[in-house]
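Submitted below is the structure of interest, expressed as structure tokens.
Going in written order, the chains are labelled A, B, C, D and E, and every chain counts its residues from 1.
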Amino acid sequence: MADPILELKDVCRFFGGVRAVDGVSFCVSKGQIKSIIGPNGAGKTTLFNVIAGNMKPTKGNIRLQNRNVTMLPDYKMASLGVTRTFQTIKIFSNMTVLENVMIARHPRSRAGFFSAAFRFPWMRREETSLIRESRKYLEFFDLLGKADHPAHTLPFKEQRLLEFARALANEPVILLADEPAAGLNTRETKDIAALIKRIRDTGVTVLLVEHDMSLVMDISDEILVLDFGKKIAEGTPEHIRKNDEVIAVYLGRRAEGA
Amino acid sequence: MMKRNIYIPYAVFLMIVLLAPMFVKNPYYLGVLVQVGIFSLVTMGLSLLMGYAGQISLGHAAFFGMGAYASAILTGTCHWSPWLAMGAGMLITACVAWFVGTPSLKLKGHYLAMATLGFGLIVNIFFLAEVDLTGGPSGYTFARIPHITFIKWTIKSETSSYYFVWGILLVILLLTLHIIHSRVGRALRSIHADEEAARAMGVNTAQYKVGIFILSGIYASLAGSLYAHYIRFVAPDPFGLMESVLLVTMVIVGGMGSIWGAIAGAALLIILPEALRFFQDYNILIYGAILLFIMLFLPGGIFGGSQMLWLLIRKIPGRRQEAKDG
Amino acid sequence: MLRIQNIRSFYGNLLVLKNLSLHINEGEIVTLIGANGSGKSTLLKSIMGLLPPRQGLIVFQDKDITHLRTEKIVRLGIALVPEGRHIFAPLSVQDNLLLGSYSRYSFRNKSEVMADFDRIFDLFPHLVKKRKQLAGTLSGGEQQMLAIGRALMSRPRILLLDEPSMGLAPIIVEDIFAKITKLRSEEKTTILLVEQNAEMALDISDRGYVLETGKIVFQGPREDLLENAEIKRAYLGK
Amino acid sequence: MGSIYALAALGFNIIYNATGIINFAQGEFVMLGAMLMAYFAAVLKLPLLLAFIVVVLLVACVGLILERGCIHPLKNPSILVLVMITIAASILLKGVTMFIAGKEVHGMEYFSGENTVVDMGGAKVPTQTFWILGVLGVVVCGLVIFFNLTLAGKAMRACAFDRTAASLMGIPTKRMVMFSFFLSAAIGGMAGAVIVPISMADYQSGAMFGIKGFGAAVFGGLGNNFGAVSAGLILGILEALTAGYLSSHYKDALPLAVLLLVLFVKPSGLFGSEAAGRLKKF
Amino acid sequence: EKKEEKKEPIKIGAIFSITGGASWLGEPERNTMVMYVEKINKAGGVLGRPIELIVEDTEGNETKTVNATKKLITKDNVIAIVGPSRSGSTMAIIDIPGEYKVPLISCAAAESIAVPVRKYVFKTPQKDSDAALRILEHLKKKGVKKIAIMSEASGFGDQGRLQLKKYAPEYGIAVVADDTYGPKDTDMTPQLTKIKATEAQAVVNWSIVPAQSIIPKNMKQLGMTIPLYQSHGFGNPKYAEACGEAGEGIIFPAGRLLACDTLPDDHPQKKVLMNYKKEYEERFKDSVSTFGGHAYDALFIIVEAIKKAGVVDKDKIRDEIEKTKGFIGTGGIFNYSPEDHTGLQKDAFEMLTIKNGKFVVLQD
């Protein structure tokens, strides 16, 4: 496979007796949209947590751009370009929309306690450029008009968008999106699909977990199927759609027809 | 937080502070104001920790005490210059804060409250037990704590103490405002809102939490040193658990999430008991009732409450926002 | 069976439901669709007494329930599966289900309640193995099943479902919709379904309502909704 | 001594379990129980059992009033505001007690006669200790059964975790909260009533019971009654050991230090399950 | 106009810890002051002017004490101050009277209040060291060679502990155990168990809080039969009451107030003491304690000084206070001098014991 951005080898994560992720290996290559699907409780979110450094893998090896990142904590992973959106939206409700995006630029700025307290000129310049760049991302998602609103007053869909804006502002190498279309209707889901494609076109690799098959089949370059923490299939959407095992445990008859 | 000019309220406040002694001449009142200044310093730090980073500390009186005792012992027993002692106090406090904060701040909620509370009690017991060093329960009586000298003025009278303490407070206030409205302030608030998400954005939350814990400890230590040189006597009592609770109460009553609230809270809870002296025995009742009243009817604290009042007066909630949008 | 007349509900000063009226007949499955933030969840909260409307009337089986407390409403036989599941994370799966029966539990019908466990586990065999597990450690889909099961434990006459398919695997969504049909046919439960997955929801329902910014803008039998061009474009993504 | 902490800790747990609130007025309940018991038994000379029952009921009513007056009226309070309210309430309770009962210390005889002791392998144990342990045992068993085996107990826990969802189950949430205050105040009152012969009390004793009880509750893993009791006892024993063998100066500090170390190693308390700990909101 | 001025009250301030940890001290002190100021005013006041008493509460807190003192001096313009109740609080404000030139008579015992002498600061309670000396004397008389010290972890307990340790060698007594407990502790069994294992022939406990009543109980439970000595901080009948049966036989030094009815009739203090006791107990329906007596002494020393000075002038009053000689108070017979602002010797203490629940003067 050409140019693997992210490589997992035999990654496991157990909770006591529960084998949430059990020996999963795969690669994501640059500029791809790769989806992970699987029944509820298959371990998708757990896998995301492990990749993002939020949980340590019980076993296995993770490489990002040919660098071993297995045991790095989440904030380090974020500064290395692994960014995520959450299954349940996690915006910073005590801040404005703009500040939410500015936080995402955190690893790309450097003012500390001392320099902040004394407002050195360079720090002020940094702040100004931070605001400028952040507004750029808001513009990309059509949120600029609400830049100064408290983030929690945004409607659900715009909060989702804000999560994406924030993730992109982090200048990720790879974006992990956990069920971005959950709770959106069919129309809105289409918007999200278009958005993810746009994000991919800016050069960001996307790893997606989603239960909405219209979205997954539409935009994925490759799909990985998990069941009980194990990989049961991997391949192109056409390939997966026809896989009997996947139909049996996950897709059901209806999807086959669709 | 809206992008507002932080300097206008600051300038107004500065004027009030500078002019206050023109109207308040009685040394007793001035003395009370000095104490307001000293406690504001502590609550400012605590407000950074609680209101901004969302971490509670029920042990802050310990840092306050460490500053006070460091000043007392280093000037009294070791004959250091007060300034040097003050610096050393802050340094010691910072180290202790780091040592305690690193494991404590991994805890959450009530567990963190308990850990800091326990720490506070241990420090207080240390003050009580190490009689040879601290003078034990009777207080530090080995030597009289000297007055502090600033350039060539000896800070002795109430007026000079007032300007000295509030001068320091104003400087620190400005620095604090700067910190709040900066990358660091944002990182702290993100931790408050959602630690996991903050880490996912690349914020090293552990480091920031400990950092702010140390900083607020340093504020408290500095305040403690000022206290020691002002009262000129230290004993373990004013640095115990009840004082920690009082400090937290000040921050909450004042209104969390605002440095101004911290100052307002300190002012209220220092001045209130003095004002209630008139009621003698009843003051404990009235004090409790007032606290209860504030918490019941102004859950946002005085500062939150006054903001609400302001909006009510203007009758149009959120107008400012609309104006910005337009 | 359930009649809602001209209700107006507010969050603080924010008017969310603007003179909304709808009704559900006994034994029906009715679907409510609408964009994000149109007030669907708010409507369900208003019915349940979690956010009593300031004006208007809610009548359930000829009884005015507009200002009853939530507990009382539940006892009358209305159950809600809330958006975001709201399961009791620190309790076990079994205890969650048991609490579902709180409103009708007593010493006398203990065995009846126990029998209902089996009914629920029949419906969601997936949960059987997890009986003793803490509910908070279930996966999203498992939690959704638990939430539905829990609501059913009160043997409601009418079940309100707020986006039951959210976050579930297609095969389970299919399953849940099948179960909903079955509930109606076998237990004669009336159902009000709020869904984003409009097409599938309408497929199993008798009638539907479309909600836009707090007002009903369209209503009618399933076929009418499925064929309306406007609805097709906005909600069915065709 | 440890059993007193254990009883105080249990009171914390009950309210915590039902409401997610840490009630800092819990110590005042103990104090009230002690003061009232001293009054009824030593001054009015009521029969012990009668006095005990009256005391427990009275304190429970104070708990109820506290809930009605201070907690109930709040619409959507944050946890911190609730904590502050309970602190303010405890100041008020203290003040009222001071006015009614004065500032003196009150005490009374042991339940089974003045200064009776039992010789246990050389160590002399005051009989009152057995009373305390007995009450503790009964209360613990009662609570364990209540919270883990009865529907009402589970409903109470459900209330604490998610009040909206609980009301959707038909659980009368407001009554549950009221009841939890009633119950924890009653237990606080019991604790006070049985310990007053040993420790005596005045209007200020509440804080000490409060702190130690809170410590034990956290130490044992908040909400875990078994943990609270064990932690309370451990704390008491550690204190006695430190005072007896190491340094009486540090007898309060050392157990605390141990407590802290345990927390650092096991952030959800000695007996708190980590998974459950994470699921609780604070 | 002159008449008007004459009627203007003489302001006397008082700072006591009326609430907080040491309210057992502040309460009787305040009561005493209030009662006697009323009495004096009824009898026509001092120099024909009424006394206005302004009482402030310190809550036993140093910061509050400082505030209270400054308030009395600069806002209320009092001419003299009685209090504070506690040594720590007194130490916190010890320089303020000198700064503002207002005489202050403390009701706290610590020796460091009057040593070194500060021009404007006096005290009425007997010295800690005298109490310690009396105890040690008595121990020596009884042939005790080894003692165990218990003390409460507070300023009072700590001072006493230091005095005992300082003077014990002079009496040929060894300290074999030295333990403390918190003012709010409820069980001293561990410390006493430790002491029991030593060869101590007596326990000396130094405390001022109710916790001290627990010690005799605990000792009895442990089956300890060695005598228990308490400090003058035990001088409150309620403590004796709280001890119950276990209190029998406790020995402690105290002013004569507590056992005044057992004094011989010709004792010079007898009349003052009996009067004070009667008046206090009638008015407040509460048993008298030595602490209230300290306030009594302070008040009347000031009143006498004003009378002698003949004018209401702070400095003159101070000078007169310093000249007080042979003043018969509740604590003893006071003789101040420029070198001694304590005014009492160790004979101000009498050794008392508890017999049938009552304080009586120890005869041997």
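Methods note: contacts are C-beta pairs under 8 Å (C-beta built on N, C-alpha and C of every residue); 3 or more make two chains touch, one makes a residue touch a chain.
Predicted model only: the values in this text are computed from it and were never measured.
Colleague: Could you name all chains that are in contact with subunit B and with subunit E at the same time?
Modeller: Both subunit B and subunit E are touched by D, going by the contact rule given at the top.
Colleague: Return the chain whose centre of C-alpha atoms lies at maximal distance from the corresponding centre of subunit B.
Modeller: C
Colleague: Sort out for me whether B-D or C-D is joined by the greater number of C-beta contact pairs.
Modeller: Higher contact count goes to B-D.
Colleague: Nearest whole angstrom, what separates the Cα centre of subunit A from the Cα centre of subunit E?
Modeller: Those two chain centres are 73 Å apart.
Colleague: Whole-Å distance, subunit A centre to subunit B centre, using C-alpha means?
Modeller: So the centre of subunit A lies 41 Å away from the centre of subunit B.
Colleague: Round to the nearest whole Å and give the separation of the Cα centres of subunit D and subunit E.
Modeller: Distance between chain centres, rounded to whole Å: 37 Å.
Colleague: Based only on mean CA positions, could you tell me how far subunit C sits from subunit E in angstrom?
Modeller: 75
Colleague: Residues of subunit C that touch two or more other chains: which are they?
Modeller: In subunit C, 137 touch at least two other chains.
Colleague: Can you tell me which residues of subunit A touch two or more of the remaining chains?
Modeller: 15
Colleague: Would you please write down the residue numbers of subunit E that are in contact with two or more other chains?
Modeller: Where subunit E meets two or more other chains at a single residue, that happens at 19, 153.
Colleague: So which chains actually touch one another? I want all the pairs, not just one.
Modeller: Listed by label, chains in contact pair as A-B, A-C, B-D, B-E, C-D, D-E.
Colleague: Considering the complex alone, what residue numbers of subunit D touch subunit E?
Modeller: 1, 4, 98, 103-105, 107, 109, 114-115, 117, 124, 126, 195, 198-200, 202, 204-205, 207-208, 239-245, 248-249, 251-252
Colleague: Residue numbers of subunit B touching subunit E in their complex, please.
Modeller: Within the complex, subunit B touches subunit E at residues 26-29, 31-32, 35, 128-129, 131, 136-139, 141, 144, 227, 231-235, 237-238, 273-274, 277, 280-281, 283-284.
Colleague: Which stretch or stretches of subunit E touch subunit B in the complex?
Modeller: It comes out as residues 18-19, 55-57, 60-64, 66-68, 70-71, 73-75, 87-88, 91-95, 110, 112, 153-159.
Colleague: Enumerate the contact residues on subunit A facing subunit B in the complex.
Modeller: So the residues of subunit A touching subunit B come out as 52, 54, 73-75, 78-79, 83-84, 86, 90-96, 99, 102-104, 106-107, 109-113, 116-119, 123, 126-127, 130, 145-146, 148-149, 166, 170.
Colleague: Enumerate the contact residues on subunit E facing subunit D in the complex.
Modeller: Residues 19-21, 23-24, 27, 153, 179-182, 184, 186-187, 189-191, 193-194, 210, 213-214, 217, 220-223, 238-239, 242, 244-246.
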